Every structure is written in structure tokens, then in C-alpha cells.
Amino acid sequence: MSLVVDLFSVVAIGAGVFFFLAGTVGLLRFPDPLSRLHALTKADNLGLGLVVLGLLPRSESLLSALKLIAIWALVQLAGATAAQLVGRAVRRKGTAA
Amino acid sequence: MTSATLAGLIGAVLVGLGLYGLIANPQPLRKILAFNLMGSGVFLVFGIVARKGAAAGLQADPVPQAMVITGIVVAFAASALAVALVLRLFEAAGRATLDPDAWAKPPDGGAGAE
Amino acid sequence: MSVLQALDIGLAFLVFAVAAWTIFAPGAFAATVGYVVYGLLLSLVWIRLFAVDVALTEAAIGSGVTGVLLIGAAARLRAAETAGSEKSLSGSPRLLVAVLCVLVAMALAGVVLLLPDQGPSLAPQSMQHLPETGLGNPVTAVLIAYRAFDTMLEKVVLVLAVVGVWSLAADQYWGGAPGEARAERPEPTLAFLAQILAPLGILVGIHVFWVGADAPGGAFQGGAILAAMWIIVMMARLTEAPQTEAFWLRLALVAGPVVFLAAGVAGAIFAGGFFAYPPGFAKPAILFIEAFMVLSIAVTLPMLVAGPPRREPRQ
Amino acid sequence: MTEFLLATAGVILFTVAVGLVRILGGPGDADRLMAAQLIGTGGIGALLLISAATGAHGVEDVALGLALLAAFASAAFVNSAAPAEAPDPADGR
């Protein structure tokens, strides 16, 4: 049983790390702020989401599992709104920002 | 080297960096930042004292931890007061420099400081 | 070298690099963003030192609330930055300062390396008396019971800081409200964020305060999270900062220290010592004091971020 | 398994650090705010992984606090930049 849980964690967390990597590569490679913003949100949503998914079966109690999900949801909210706010600031200033 | 010692070394480096910024950066806001950096370096050095005092089933001595918590809050209060002072200076005089030579000259337009 | 050691070294290097960025960054705004990043990394370091209470404080105050304060200030001071061509220290004085700072850092590092592996500790004593307080978190016991006087005075410092900030107001604004006015049409994204975040954050803040008796958390951390929620609602301009002459506001600001001091005096009368808690009644007394501290912190921090009054008082 | 969790935390911190190098330097303020956002997400991920590996208690609350405050830097920036960019009629005195 624990082997299955471990395997699940390894796959999910590994996939999460991949999205963090992809987000960073996007940050490095994309030419303008808006597309860099797009790359960044991938790390927020999928990267952390998959890491949380991988940690879920390892949590000690139901409350801590719920907290993990809440953390992910809050980061989603923060990432989405911050991307909106920053994106709007970029557009207001033109492409120079 | 334990992680506690490593954190303490980083604390020492932060104090040095903060001190340098405090002296060498001319802008008051940058000085506030540097001062905060120095403060957190001191907290870290104190934090490893807590970690090295791990005993009685605790992973760190609670007394230094509690003092660092109070310290963080007081450091914030001090920074807020300092930021308010700088912003007020800027509002009243249109500039926020600490350079005495700049204050000796009237500002552009000769409006003077209120 | 184990994986954990490699991680610690990497983290230390990252902290150092970001700290150096906040000192050497080309502009004030870049430096402040660096400071926010730095605060977050520092709470990771505190986790590695197993000081979770401190990590929570650093996360809420060191990174979050201080970040709002500094980023706001940097954005407002941008005009000053471009206008003033300030002389940076250069040449040999700069070198001298650098040498001095390296020496200070090296001396401190030497002290750190000379520390014994097992230092003197008050942990046994604090654990020994923990049952008398009825608490499960020794850090909270130190803050509210063993070193209560210290914590009470620290609350007074916060009130004094608010008095200091308010006293910077121009004469005609004395007693008025700080910060921006309530917007007719708030920025929709920010308003959305504040409307969803604030109820959740209030829940988390009260939770952190409540579990602080037995687990990492407590009045400071809970109060700081509540304060952050008020700050975000004010930033979204869904509500405006209260008039600084409002009686309820002033009452809330001093409630923490006043209740704390009253409890200390009551201890001198009923329990045989200043800040002594009567046996068997310690935990309710501590939670009672803490509740007022949470209130005061949740009101003080936003007032410190909002700055001095900038509008004339309404009649 | 512990080693795996710590190693992934390290990899996340490393990628985040590489990203920081790119965006903390700018060119614009928007990029710098992205740095704060990126370290927020990566830091929370690393925090959760480290706490799962080392068994430090109460770390979820720290991550929860960080997640609550993750958007604050961007919000503060927009809040302080907005009045100068587009004057709000409600703002004028």
C-alpha cells in the first residue's frame, strides 16, 4: 500500500517540478512581459497544484489535507489576480514596461 | 557544518551587507531597507542560539524565539515610522534626500520648503 | 553531503544573493521587491531552524505587511529618486566602508563558529512550568507568561509608533483619515481579490491565534494576518481608513496594552506577584489578554501602513 | 522518500532562483513583481515539501499565511501606481 502511495507522490510531485521548470524556461525565453506572465501562471496553477496533490496522501490528518487544498486554492487566486493586475499595469504603460 | 551554523553564518553576512547598505546608499528608503536587513541578520544569529539550546524535547529554545518574534514586530513599527518620516519630508519639501549640500541650495523653481 | 545539507547550502546562497540584490539593486523599487522575496526566503530558513512560530511571524509581518509598506513608499518616492541626483559614496571612503563591513561580518561569523554545539538553554525550565500555564506552546508561554512584562511594553511601543506616525500629519489634517478615499468604482480585480481573500483570511487569522495556545501561532501572528486583511480591503478601496480621531479606533489601539497591564496589576493583587496568574486560572487569563492583543495588533499594523492623516476631519 | 521530497524542494528552489535572476533585474516593474509572485509559489511548494520531509509541525499554517499574502506585493504596486496613472474622480479634492 505504502509503495503505491509513494509511487503516486513521486509521479505527481515530479510532474509538478516539471511545470515549475517549464514556467522558468518560459520566463527566460519569452520576449515580452505579457507572455512571461503567461509562463509564470503555469508554475502557479499546475506546478504547485501537482506538488500539493502528491503530498495529499501523506498528510497526517484531514485538517492538514484540507489546509493543503486551501493553500493551493489561495495561490491560484493570488496568481490569477496578480497576473491580471500586473498585466493591466503593463498595458497601461505600453510595451515599454 | 549543521544547518544552524550555516544560518548563523548567513546572519553574520546579512549584518555586514546591511551595515554597508546603511552607510553607502544615499537614499533614505534604501537605508531603511538596509537597516531591516541588518536587523534580520541579528535575528538569525539569535535564532541559532535558540536552535543550539534545543533541550527538554524541544527542537529550539523558546525564549530566544519569543524575543525574535517581539523583535520582528518592533522592527516593523520602527520601519513604518521611518517610512512615514521620509514620505512627509518628500511631501513637504518635494525631495527626500539626506545630503546637506542639496538642502543648502534652493530647489529648482525656488519654491522653498513650505 | 546529504541532500538536506545541499538544500541548506542552496537556500543560504539564495538568501545571500537576494539580500545583496536589495542592497545593490539599481532602483529603490527593484530593491523593495527584492526585500519581499528575501522575507519569504527567510521564513524558509526559520522553518529549517525549527522555529515555526518565528517563521509565521516573518511570513506575515516581515514579508507581507512590510512589503506593502515599502512597495507603496517606493512607488511614491519614485519622483524623488529621478529628481535628486544623489551622490553615492565613491572611491576610497566606499572601500573603507566595505572593509569595515566585511570585518564586522567576519567577527560575527567567528562568534557563530565558536558557539558550542549545545548551548545554555532555558528550554527545560520553560517546559517544566508549562503545565502551570495550561498552555501547550512554550513560545506563547514565554510571550504571555514568563516574559509578560516585555511583551506588554512591546505593545506600548506599537502604540507609540502610531502616535509618532499620526503626529506627522499637517495641522489641518489632524484627526482626519489617512490613506486613499473609498473609490466609487474600485479596480475590479483588486476588489474581487479583497472580497474573496478577506473572509478566508479572517478565518485563518482567528485559527492561528486560537491554535497558538498549543501549536505554532499566537496573538502576534493571528493579529498580523487579520491586519493584512484590513489592509487589502483598504487597498482595494472598498472601505477607507477610519478618522484617526474616532474613539473606537483609539480604544482598539490601546486595548491590548491596557488589558495586559490591568491583568498584570490584578496579578499583583490576587496572585501575589506582578503579572502572576492565579493557579488553575492561567489559561483563560492568557487567552483573554491575547484576544485584546490580537485586536490591537489587527488595528495597529494597518494604521502604521496607512500613514499619517491626509484628509481633513469630517464633522 | 525523504530524500526525494528534499531533492524536489531543492530543484524547485533552484529553478525559482534561475527565474529570479532573469526577472528581478527587470527590465520593467512588471517583471519584478513577477519575481515576487514566482518566489511566492515556489517558496510555498518548497516549504510544504521540506516540512513533509523533516516533520516540522505547524508548517501548513506558515504556508497558508504565505498563500494569503502572495498577491500583496502586486496589489500594493497597483494601489500606489494607479492614482498617478489615471486620476479617479472620487480621488480629487
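All chains are identified by letter, namely A, B, C and D, in their written order; residue positions are counted from 1 within each chain.
Note that contacts are C-beta pairs under 8 Å (C-beta built on N, C-alpha and C of every residue); 3 or more make two chains touch, one makes a residue touch a chain.
Remember, it's a predicted structure, so these values are computed and weren't measured experimentally.
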Touching groups left behind when chain C is ignored (all other chains fixed): A, D | B
Most distant chain from chain B, judged by the mean position of its C-alpha atoms: A
Which of C-D and B-C has more C-beta pairs touching across its chains: B-C
Geometric centre distance via CA averages, chain D-chain C, whole Å: 18
Distance between chain centroids, defined by C-alpha means - chain A, chain B (Å): 32
For chain A paired with chain D, centre-to-centre distance based on mean C-alpha positions, whole Å: 11
For chain C, residues contacting two or more additional chains: 4, 48, 50, 76, 187, 190, 193, 197, 200
Multi-partner residues of chain D (each touching 2 or more other chains): 29, 33, 40, 56, 61, 64, 68, 71, 73, 75, 77-78, 81
In chain A, residues with contacts to at least two other chains: 70, 74, 77-78, 81, 85, 88
Chain pairs in mutual contact under the definition given at the outset: A-C, A-D, B-C, C-D
Chain A partner contacts - residues on chain D that touch it in the complex: 1, 4-5, 8, 11-12, 15-16, 18-19, 22-23, 28-31, 33-34, 37-38, 40-42, 44-45, 48-49, 52, 60-61, 63-64, 67-68, 70-71, 73-75, 77-78, 81, 85-86
Chain D residues within the chain C interface of the complex: 3, 6-7, 9-10, 13-14, 17, 20, 24-26, 29, 32-33, 35-36, 39-40, 43, 46-47, 50-51, 53-54, 56-59, 61-62, 64-66, 68-69, 71-73, 75-83, 88-91, 93
Residue ranges of chain B in contact with chain C within the complex: 1-21, 23-27, 29-30, 32-34, 36-37, 40, 43-45, 47-63, 65-70, 72-74, 76-81, 83-88, 90, 94-97, 99, 102
Contact set on chain C toward chain D in their complex: 3-4, 6-7, 10-11, 14, 17-18, 21, 25, 29-30, 33-34, 36-37, 40-41, 43-44, 47-48, 50, 52, 55-56, 59-60, 63-64, 67-68, 71-72, 75-76, 180-185, 187, 190, 193, 197, 200-201, 204, 207-208, 211, 215-217, 221, 225, 228-229, 231-232, 235-237, 311
Chain D contact footprint on chain A (complex, rising order): 6, 9-10, 13-14, 16-17, 20-21, 23-24, 27-28, 33, 36-37, 40, 43-44, 47-48, 51-52, 55, 58, 64, 67-68, 70-71, 74-75, 77-79, 81-83, 85-90, 92-93, 96-97
